[in-house]
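Once you've had a glance at the structure underneath, I'll fire off some questions.
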Amino acid sequence: MIENNNQKYQQLEKASKTKNTIYRWILFLILAVFAAYYIAPLYVMIVTSFKTMAEIRQGNLFALPNDLNLESWYVAWNGQGFAAGDVFLKTYFWNSAKMVLPAVIISTIMGAINGYALTKWRFKGDSYIFLLFLFGTFIPYQSILLPMSRTLGFMGISNSIFGLILVHVIYGLCFTTLFCRNYYVSISDEIVKAARIDGAGFFKIFFKIMLPISAPILVVTVIWQFTQIWNDFLFGATFTFGKEAPIQVALNNMVLTSSSVKRYNVDMAAAIIAGFPTLIVYVLAGKYFIRGLTAGSVKG
Amino acid sequence: MKKIIAIFAMVLAPTFSYAGSSAEVLHWWTSGGEAKALKVLKDDFAAKGGAWTDMPVAGGGGDAAMQTLKARIVANDAPAAAQIKGPTIQAYDREGVVAPYNIDAVAKAEGWDKLLSKQVASHMKCDDGKAYCAAPVNIHRIDWFWANKKVLDSNGIKMPKSWDEFNAAADKLQAKGIIPLAHGSQPWQDATVFEAVALGIGGNDFYRKAFVEADAATLGGPVMVKIFDQMRKLKNYTDPGSPGRDWNVATAMVMEGKAGFQIMGDWAKGEFAAAGLNPDVDYYCGTTPSDNGYLYNVDSFIFFKVEGQDKVEGQKLLASLMMGQDFQKVFNIYKGSIPARLDVPMDDFDICAKKSNKDLNTAAKKGGLLPSFAHGMTLELGVKGAIQDVVTEHFNSDMSSQDAVTKLSAAVMAAS
Amino acid sequence: MFWLKRNLPRIVIAPSFGVIAWFVYGFIFWTIYVSFTKSKLLPQYQFWGLDQYYRLWSMPRWHIAVENLFIFTILFIILCVLIGIILAILLDQKIRAEGFLRTIYLYPMALSFIVTGTAWRWMLNPTLGLEKFAQDLGFSSFTFDWLVTPGMSIYTIVIAGVWQSSGFIMAIFLAGLRSIDDEIIKAAKIDGAGLISLYTKIILPMMRPVFMSAIVILVHLAIKSYDLVIALTAGGPGISSDMPAVFMTQMAFHRSEIGLASASAIMMFLTVSAIVVPYLYSELKREDDRK
């Protein structure tokens, strides 16, 4: 029966081949138009960062630079050499790295354990608890800044990277739990049941059975958290100060600076530098991202 | 794993500094002349053995910085000094986060009452004017015209002495295909232009009634309609790309001769200076038409209540340095403003600054020395914001002047 | 010991639950309380009543913000889902350059709002960007000045927002398509289903759960669309593209109206709850019933 169907299917495929060629062209055209829509801003940013200010003022937005002018990249990274109030990205880049690593790791681990507990060890009211987590993703962050800083002040970690890590872990938890729960819910309960009959406990099952098959969703969670935390400006600007500020605050200071002549090439170079780590993650790990999503995270 | 532990250690290691005095300074001066000026202060501070921590948060005229500041205060961890001005200084005092006025002793010892004009000093005092709690660094003037000399000269235009003259000049430029008014239509820039127009058309007493006393009858009166009429004219003198444009981009349009005039505070001068241009050679600075009016904007730093002797010492040192003669001179040459301190020699300043200084004294005598509302020197922030909303909404739509006036008085009623 | 074992899952959840209870729900209650006070520059706790809500709804600017939120959210979700589905279906046709195209579609999600805003402000600026580009090419009558036109600027925020998020939605739908059993598709084709009816009648209905994830993420992004607005229009021209999140931030931190800001936060929150909670609840219920 199946073989018969396969034959029939191949015939069908063949018959529609000519029609397909036309379709393919239309298809490629649509995909290309969208690709242009998505790529245009990045293209503009990159070419602008290599132009001189004179070229930017006179020239065309999409024109290629006359030659590769690297000065703006240097200025964006190292600053202009003022001793005070200078804006550059160098040190802040590493601040962000210091903050993002622990925050991503902790929130991902907690999310995985929560997701596992909520799906494989179901208890009364677990759906409601999950709903509470889910709803937490909708809180407008501006409204929690003041009570948050009071709490941080009370805990004595106001104004430290540690406090910032805590904030990111807390508000990331809602997402990591959501992702991991949706992944684990699609994994057969039988494995866990079998292991429980064999006498394995909560953590043993988690580390020995669940974690090894969680790679796809952990990739998704880590990418999401990394992007969110790296790109955060609001918490960074509110809960840290001076030299400890994360990169988006430095970028903001650079791009939104209120005086002096605007140097668009430096702005664009800085923007690309600040977006570089996340861009790389998406380009290199994009494949695993889709794979991870496919593996079940999006199944409700 | 070791690496992760190392990173944790790096993150968690507290940073101690054992200097005798320390200060954390929150500001939004991040580049160009401001940064250079700030370096002077920082170096002075370090030379006296202090440990300086910079907290620059740029953007939106301090919007982002306000988030940081409020978060810090609510966490009981206020910075030593923050760039706060106008009635907001006294508002913070009423919230009880400024007393016991650590810098008052310094101010009294150095005789700030004699070094500052009464008007400026009154902005710096808390506790019903009994104690100094803030230090002024400059006086900006708002009501300026900045004009491209070549454009004006070649079209036979003189710096306008009345708003009618300005309109005539603008019509002439527009006919030649030159943008008459370089403007970035952001709410604060619209309000900046608006207050200059209000001062000119309404006069000094009108301005005081409307924007210092928030008098409902004045805000809803017929003079206000005329002011909005002039705003509509000005809107038609701007180019289509104006909404959202940064002020310094607008200044660049004047420099390049794409536009004739700009109405902006004297920080615009810093842009001309940075481009190597000189007043009366490359550009004109003139005041917008008014009856000896002078809209001032005093940048100042408030000194909050802080814990720890080193921080208190840091505040005292900082306040003293900010009021230093030398600092006030160097800082203001970079910044485009004039010193807040009265006894700073003006010899090294340019002609625009000298004019500003002279006009200030005249205006003070004739009752035209008035606080800028657009820059938060008068009115509660909520009321100021409500006025600004109406001004910018009118400027960026086809709302009639009468509607704008009606909205204005309603908005101010609701906000106060 | 037995008790511990029995309750271990609850104990494991407890810290996270506690954290969420305090830092999400505790803070919501704090905000509710502050919205009933006269708080101005800093929060204060003397009860004042409902006045902040009366003030809020009497402000024309708030009405503009709410209206914009609805325009933005509806268009943003519809466009993202539509573009996401179309791109996912097209990419699923065994395209050779799939990896490359997918990366292009997905990368905007990696960029922060400052970067996105800076880039799009350039593109949409009539004197520098696309309009000038088209005019330089010879289309002298081409105008594209939404960014500076009151009433239209909100749509530029939609354009940039869709640009940033639709790729991610594409990824989610692509993943959904990939997890559908090939045999089902084959069987449908044999039964003579055309390409369009194959998708509309069979495949998309199967992806119901995918819609849930997509909508949760999109609503979340739409409500928090503070960053994008600030970076692109800052609420302008005038206040025509104001949004509730911008309104709230302005009131709380720049206008010293913390009470009023809290009231607006609560209004936002109530709106979200009214829309999202019933939906989420019913989805979870379905899931439970399936078990």
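Observations, loosely collected:
By written order: A, B and C. Residues from 1 in each chain.
Here is the rule we use: a residue touches a chain if its C-beta (ideal position, glycine included) is under 8 Å from a C-beta of that chain, and two chains touch if they have at least 3 such contacts.
The structure presented is a predicted model; accordingly, all values stated were derived computationally and were not measured.
Judged by the touch criterion defined above, the protein chains are all mutually in contact, each touching every other.
More inter-chain C-beta contacts link the pair A-C than the other of A-C and B-C. Chain A and chain B have CA centres that are 39 Å apart. The geometric centre of chain A is 15 Å away from that of chain C, both derived from CA atoms. Averaging C-alpha coordinates per chain places the centre of chain B 36 Å away from that of chain C. Looking at chain C, residues 43, 128, 249, 252 sit in touch with two or more other chains. In chain B, the positions touching at least two other chains are 60, 67, 70, 74.
Multi-chain contact residues, meaning those touching two or more other chains, occur in chain A at positions 145-146, 148, 234, 252, 256.
On chain B, the positions that touch chain A within their shared complex are 4, 7-8, 10-12, 14, 24, 26-36, 38-39, 41-43, 53-61, 64, 67-68, 70-72, 74-77, 79, 246, 248-249, 252, 267, 270-271, 274-275. Those residues of chain A whose C-beta lies close enough to touch chain B in the complex are 82-87, 98-99, 101-102, 105, 145-146, 148-150, 152-154, 158-162, 165, 234, 237-239, 241-243, 249, 252-254, 256-262.
Contact residues of chain C toward chain B in the complex are 40-43, 55, 58-61, 121, 125-128, 145, 147-148, 150, 153, 230, 233-240, 249-257, 260.
For chain A in complex with chain C, the residues that touch the partner chain are 5-6, 8-9, 12, 24, 27-28, 30-31, 34-35, 37-42, 44-45, 48, 60-62, 110, 113-114, 117-118, 121, 123, 127, 129-148, 151, 170-171, 173-174, 177-178, 182, 185, 201-202, 227, 230-234, 248, 251-252, 255-256, 264, 267-268, 271-272, 274-275, 278-279, 281-283, 286-287, 289-300.
Across the complex, chain C meets chain A through its residues 5, 8-10, 12-13, 15-17, 19-28, 30-31, 43, 83, 86-87, 90-91, 93, 95, 99, 101-116, 118-120, 122-123, 128-130, 132-133, 136, 163, 167, 171-172, 174-176, 178-179, 186-187, 189-190, 208-210, 212-213, 216, 219-220, 223-224, 226-227, 244-245, 248-249, 252, 258, 261-262, 265, 268-269, 272-273, 276-277, 280-281, 283-284, 287-288.
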